[in-house]
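Note that chain A is present in both complexes that follow, paired respectively with chain B and with chain C.
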Partner chain A sequence: MFKSYIPRPGRREYLTIILLVLQVIFFSFFADNFLSADNLKGIMQNSAELAIVSIGMTMVIILGGIDLSVGAVLGIVAIVVGNLIQSGVNPLLVTIIAVAIGMSLGLINGLIIGVMKIPPIIATLATMNIGRAVVFGMLGGHWLAGLPPVFTPIMTNKIFGIPIVFFIVLLIYTLFYYIFTYRPFGRHLYAIGTNPEAANLVGINSVKVKILSYAISGGIVGIAGIMYVARMGSVEVSIGLELPLQAIAAVIIGGTAITGGRGSLVGTLAGVLFITVMKNGIVIFGVPSLWEKAIIGLLILISVTIDIVINKQITRKRATGTPLGAEELELEIQRGD
Partner chain B sequence: MGGFIQKVLMSRTYFLTLLLVMIIIIMSILSPYFLTVQNLLEITQFGAVIALLAIGQSLVIASGNGGIDLSVGSMVSLSGVLMGLAFNAGISIWIASIIAILVGVLLGAFNGFATSVIGLPPFIATLGTMYMYGSLALVLTKGTPISGFPESFGFLGQGTILGIPTQVLLIVIPVFLIISFIVYRTVFGRQIYLVGTNDTAAKFANIKVKRTRFLLFTLSGLLSGIGSVIMSSWLMTARADVGSGLELQAITIAVLGGMHIFGGKGQLGGVMLAVLVVTMLSPGLQIANINAIWQLAILGIILIGAVALNQYSSNRLSLKAIK
Partner chain C sequence: MTGEVLFTLNGVSKSFGGIKALQNVNMKVNKGEVLSIIGENGAGKSTLMKIIAGALQSDTGKIEFEGNEVKINNTQDAIDIGISIVYQEPNVFAELSVLENLFIGEEVKTKFGSIDWPEMYRQAAEALELVDLPTYTLNEMMGDLSIGNQQLVLIARGLHRQSKLLILDEPTSILSQAESEKLFALIAELKENGVSILYISHRIPEILRISDQMIVLRDGKVTETFSANEATENRIITAMSGREINSDIYRLRDYYDEKPIIKVNNLSKSKMFHDISFSIKPGEILGVYGLVGSGRSEVARTLFGELAMDSGNIEFEGKKLTKHSTNNAVRKGIYYVPEDRGTQGNFSLHSIKYNLSAAFLPTMSNKFGVLNLNDEKKIIQKNVEKYSIKTKNMEDLIISLSGGNQQKVLLSRWLINTPRVLILDEPTRGIDIGTKTEIHELILTLAESGVAVLLISSDLPEVMRLSDRIMTFHKGRITGFTNRENMTEDGVLRKALGLIS
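Now for the complex of A and B:
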């Protein structure tokens, strides 16, 4: 149906990659130990969860939505995983349970957004707060500490000197890149995000796609929950508080349009690395980490502004030759949806 | 009976009044000290700040185009912190209060600029500024609260006049009356609803759509600034985390009060009733020994329920219109 449209990464993604390269050059120039093997390994390990969660975030933002509840879902999954491995449950079974819990929580978001037609920002703001309370209740004021290192090998063990987790992330990215770019489901995401009415008219069941996307996004967060336990070996009540901000920032910096319909996983991966390298650089330069959120918030605003300005220029170019009124109207229509 | 339920669901005033009565009955059973005029008046002090934020939030939502202000809590934190820093620098507390209000106006105007002038979607712009403002408040104080305000400053947030908390009598009620007058009795006020219902039509009616939305975001900042002064006076400290979670309360109250999330519909009277409902609810939850974090969860559930209810009633209305 959409044979002529393959949503391959374009110039906007290259911009992010160039910025990432410049950032790496900058930090390696000013900080001696930035390019050391240990530091790079640390960047890989620390960015794994964010990278995974950002896949789901890319999916829902392409749809024209957003998901603020990812951090709370990560917390709930991590607590369950922690408890299960403490009681010695088979790791494979734990993985399946983690994904299942993540998917069910994502499904709740999907139902609220798809069936009840509540705007994603409102729905996930609510479920985020409900989820955080559940995390608080499940932990009951304690830390979940000293967890057995069942999943730790994916962080510490290496193939060719590179942590296993890197390959897992790469594998999941490849899988979803294929789905986004070449499967009907992926095309449906872009179609709904670009123009929901048109998507409905060509027979796409947008409610189904939305529910499925939020559920898949939740399932992916489930995998990230396992990675968190593998990396930290403990779960505390503030788990995942910064995750929604960082994932949204990574996706937007990576060139996915906040208004939906445009974006790619290549850009998202570059965005994730951009955020992680920046956090790393902040630490190396000794800037108080309190600044981190302010900087990331500002980066979101700048990226979205750049996208909006580029979009306006494209629209203006297309509209040359048409009367002024019509041009303005087109701008309005573009912004309206 | 079915007709009655439907009538209650369709009229926000009936619905909220009924809810309020139910809450008061349940609270009176839980605590014998609840149902006294003195206590009911005292409880209103808990609603002062969120009433101001909810009014600002409601008008931002009413102006449509996905209007929402997630940064209100952070604006309260940052304005309050700057007020505390100004006071520490030797500025009189009353001038520091004016500074806090001006800071609120500036922060709100920045939101308005980003959303209305540049054209960023409000949810992402104010999500960005929510983290920016909140984080700046933390950076400026390094996380330690500022205190040592003079006794006389407490008059605003802790005193009472005729048994009514000062901040309610001297600030919330006048602000509500002034804004209601602007919204319901001036041309600008009516333009808000037209902009929210159909901004293309509003443009053709020669209404400055961008300016209207810009002013409403600025108003939301102004009210947050005033809220931060009340909050500082009430707690007698300025803390960087004082506003966290307030955005959820403000949005929930606005929506529960009948503000339709897609703009153009909803009345400020309903919002004030919703403030009372939520304010009566929180001391009750405290009596029942429920942690603050669960109160946020309950607000989350109320939020989803309220949006669903608004959509139900506006769907019924359009069905009626078709018939």
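Now for the complex of A and C:
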């Protein structure tokens, strides 16, 4: 399937896929309803937003950045979408507006990070908090409930017995796989993440790539906002509170290096499924859901630890930057000078 | 092909602050020729290369390429004209494949703007053939390649762009013998094809072997130009040395104690230095001269407890140091003023006062560990005056001072308590002559008060001006000691270049 010279996922991603398979096997043995059609459908419906938001998160983490504001942006978009469908605006127009709002908010992040050079974690921490206040203000202390089921069919209607939303997610993943692999923009994400200085020296416009990445990430959150409304039929003030943590966890569990420069969408998708299946298992086993956060936190720690161990081995193998090559020193000693 | 002029520099000068890095440099490169540039660290080689490659701009001077005057304002301009540079430490994307490293930033695209991987692969295979690397290398991660092969990939990148002038900046300093041989064979082949090469190195034997012309730089000036048949090792050394040695301020002094205060026995650290033994007496200045990368700074950092040694030992006042750490060193009175003020020395966001007192806060505190601000102020005031640090307000940021005054702050930081052993790594780099002499005076005064000084410097006149003995380093080994009575620039330089065994 992959030509050897086309960039492809590394061994770290296969580790996540293997763990995912083991997890599925475990739950299908020990949890009765796990493999039931209803449960699998639920997994697909519930993981859709996380799955696509994690694409944008993968982009910015490969760049060496992060985006904490995804949950707040999701909230703002969902409220706008909710109000628009209540007023009976054309669904296609609503979709375009949702993506446009998401992109504009992402663009603000991008400009703060790319132009003003504010560290991504601080920039998006700030915009996240501003965004949460906006969500609170827009809702005015009430739920936005009883929304007309304009977008609900993407969750409930099925093709070959599979919810439509699954195909939407698959389509977006395919599109971004193409961007990550076949567009110079996608490859430059990796270049900037690995060696920002060298990226400048080969004439890559890092500022532009960064701004664009955060904007695209915002646009994807716009689509996730529609999925949220379709799934819930309402918007509450705590919307998307868990989203940044879960998306970052999915990306990191999927093998993307938190230091940037390495990672893939295949890994991210595996990471998303890993987290969703785990959450599902917790519910089936009747574990109190407050443990969910603790487990996700633990998984982040384990994944990053694995990365550190792998990196140490790589550096040991590569051992560059020393004044003398070992081989040379040996030769010098043999020649006796 | 040869004989035709490809590239000329006329009257190129460049200053950084008040320091003249290059003065009126002229040179001419013919097509298909290797022109080598020889000089010590700090002679201006790197500045010259960066100007040609567009990473720096000259203050004055003209550049001509193929008979036309050109302006090189940035690295892209240089690439467009046909100039490629391979820096000493390869600047690569370790996490990307070799194929991507060859093309990143200038990918081959289809008409839809997608990356044309098959076409790129085809072109890359051709490029790798030029440097004799197997095609399968293209699929490997750049970071998994040896440094030598990474360098070859970068050369291939330059050749693929049809570069007419290839600059190699000390390429063999990180290569093994076998890799160097491979590089020389490649250079010969490139010459055949009409590519000109600017070769920077301080390894005289290899320069004599591969060059058609040689230029010797000293203190930013061209001191001699040789063609291949005129050049000899002796003539090159003479052109590299021959400076005025200032013996004006050196004073003979009696050592406080004939027993060394610190003694290093057979110290080794894999890939850095090997079998290092020396000792310093109280009141003695031991100079260390060697090229950057010869292991001298690493030895100093090991002495200070920052790096761990693989084998050997350090004796302090006759007792072996076990569990040596920087903390331990400071408690014993072994202090280190690092090479790089910016990253290893300064607390750049803080005041002069903070920078001065940082190392000895405990001595300015009472028995409960509470800092006595009055004491701190008094001690610092005294230091500022004693070492004539030129500042109006010690609450100003340290980076508001000139380089020379910053260095005085970092030095006097350690002088709040009298040091026993003071390690100075490049104490006057980038500092104006006036301040330099002040620092030299200070070093001599410290030695007179019984401090053992280890003075590391790339500035040979400086080492010769101050040292009682000079220890020369070459490729991680000591190549000799020179006493004050038989110190000549020529002799020390030869030892540091590894020319006398």
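Following the convention adopted for this analysis, the second predicted complex is superposed on the first by the 312 of 337 C-alpha atoms of A that agree within 3 Å, B and C clash if a C-alpha of one lies under 4 Å from a C-alpha of the other, contacts with A are read in each partner's own complex, and residues count from 1 in each chain.
The working rule: contacts are C-beta pairs under 8 Å (C-beta built on N, C-alpha and C of every residue); 3 or more make two chains touch, one makes a residue touch a chain.
Note that the structure is a prediction, hence the values are computed from the model and not measured.
K.L.:
Classify the contacts of A:I314 with the two partner chains as first (chain B alone), second (chain C alone), both, or neither.
P.N.:
A:I314: touches chain C, not chain B.
K.L.:
Touching A:R11 in the superposition: chain B (first), chain C (second), both, neither?
P.N.:
neither
K.L.:
Let me test your reading of the model: by the given contact rule, A:P119 touches which partner, first (chain B), second (chain C), both or neither?
P.N.:
So A:P119 only meets chain B here.
K.L.:
Of the partners chain B and chain C, which touch A:P184 in the superposed model: first, second, both, neither?
P.N.:
In the superposition, A:P184 contacts chain C only.
K.L.:
In the overlay, answer first, second, both or neither for which of chain B and chain C A:A294 touches.
P.N.:
Once the two structures are laid over each other on A, A:A294 reaches chain B alone.
K.L.:
If we overlay the two complexes on their shared chain A, which of chain B and chain C does A:I258 touch? Say first, second, both or neither.
P.N.:
It touches chain B, and chain C stays clear.
K.L.:
What part of chain A is shared between its chain B contacts and its chain C contacts?
P.N.:
Comparing the two interfaces on chain A, one with chain B and one with chain C, the shared residues are 329, 332, 336.
K.L.:
What residues on chain A touch chain B, complex-wise?
P.N.:
Against chain B, chain A makes touches at 66, 112, 116-119, 121-123, 125-130, 132-134, 136-137, 245, 248, 252, 258-259, 288, 290-294, 296-298, 300-301, 304-305, 308-309, 312, 329, 332, 335-336.
K.L.:
Help me check something: in the complex, which residues belonging to chain A touch chain C?
P.N.:
Residues in contact with chain C: 3-7, 178, 181-184, 187-188, 190-191, 193-195, 197-199, 201-204, 261-262, 314, 317-329, 331-333, 336-337.
K.L.:
Once bound in the complex, which stretches of chain C touch chain A?
P.N.:
Chain C residues touching chain A: 75-76, 89, 91-97, 99-100, 104-107, 109, 113-115, 117-118, 120-121, 138-139, 143-144, 147, 174-178, 270-272, 274, 293-295, 298, 475-477, 498, 501.
K.L.:
Touching residues of chain B toward chain A in the complex: what are they?
P.N.:
Interface residues on the chain B side: 65-66, 68, 70, 114, 118-121, 123-125, 127-132, 134-136, 138-139, 142-143, 199-200, 203, 245, 248, 251, 255, 261-262, 291, 293-294, 296-297, 299-301, 303-304, 307-308, 311.
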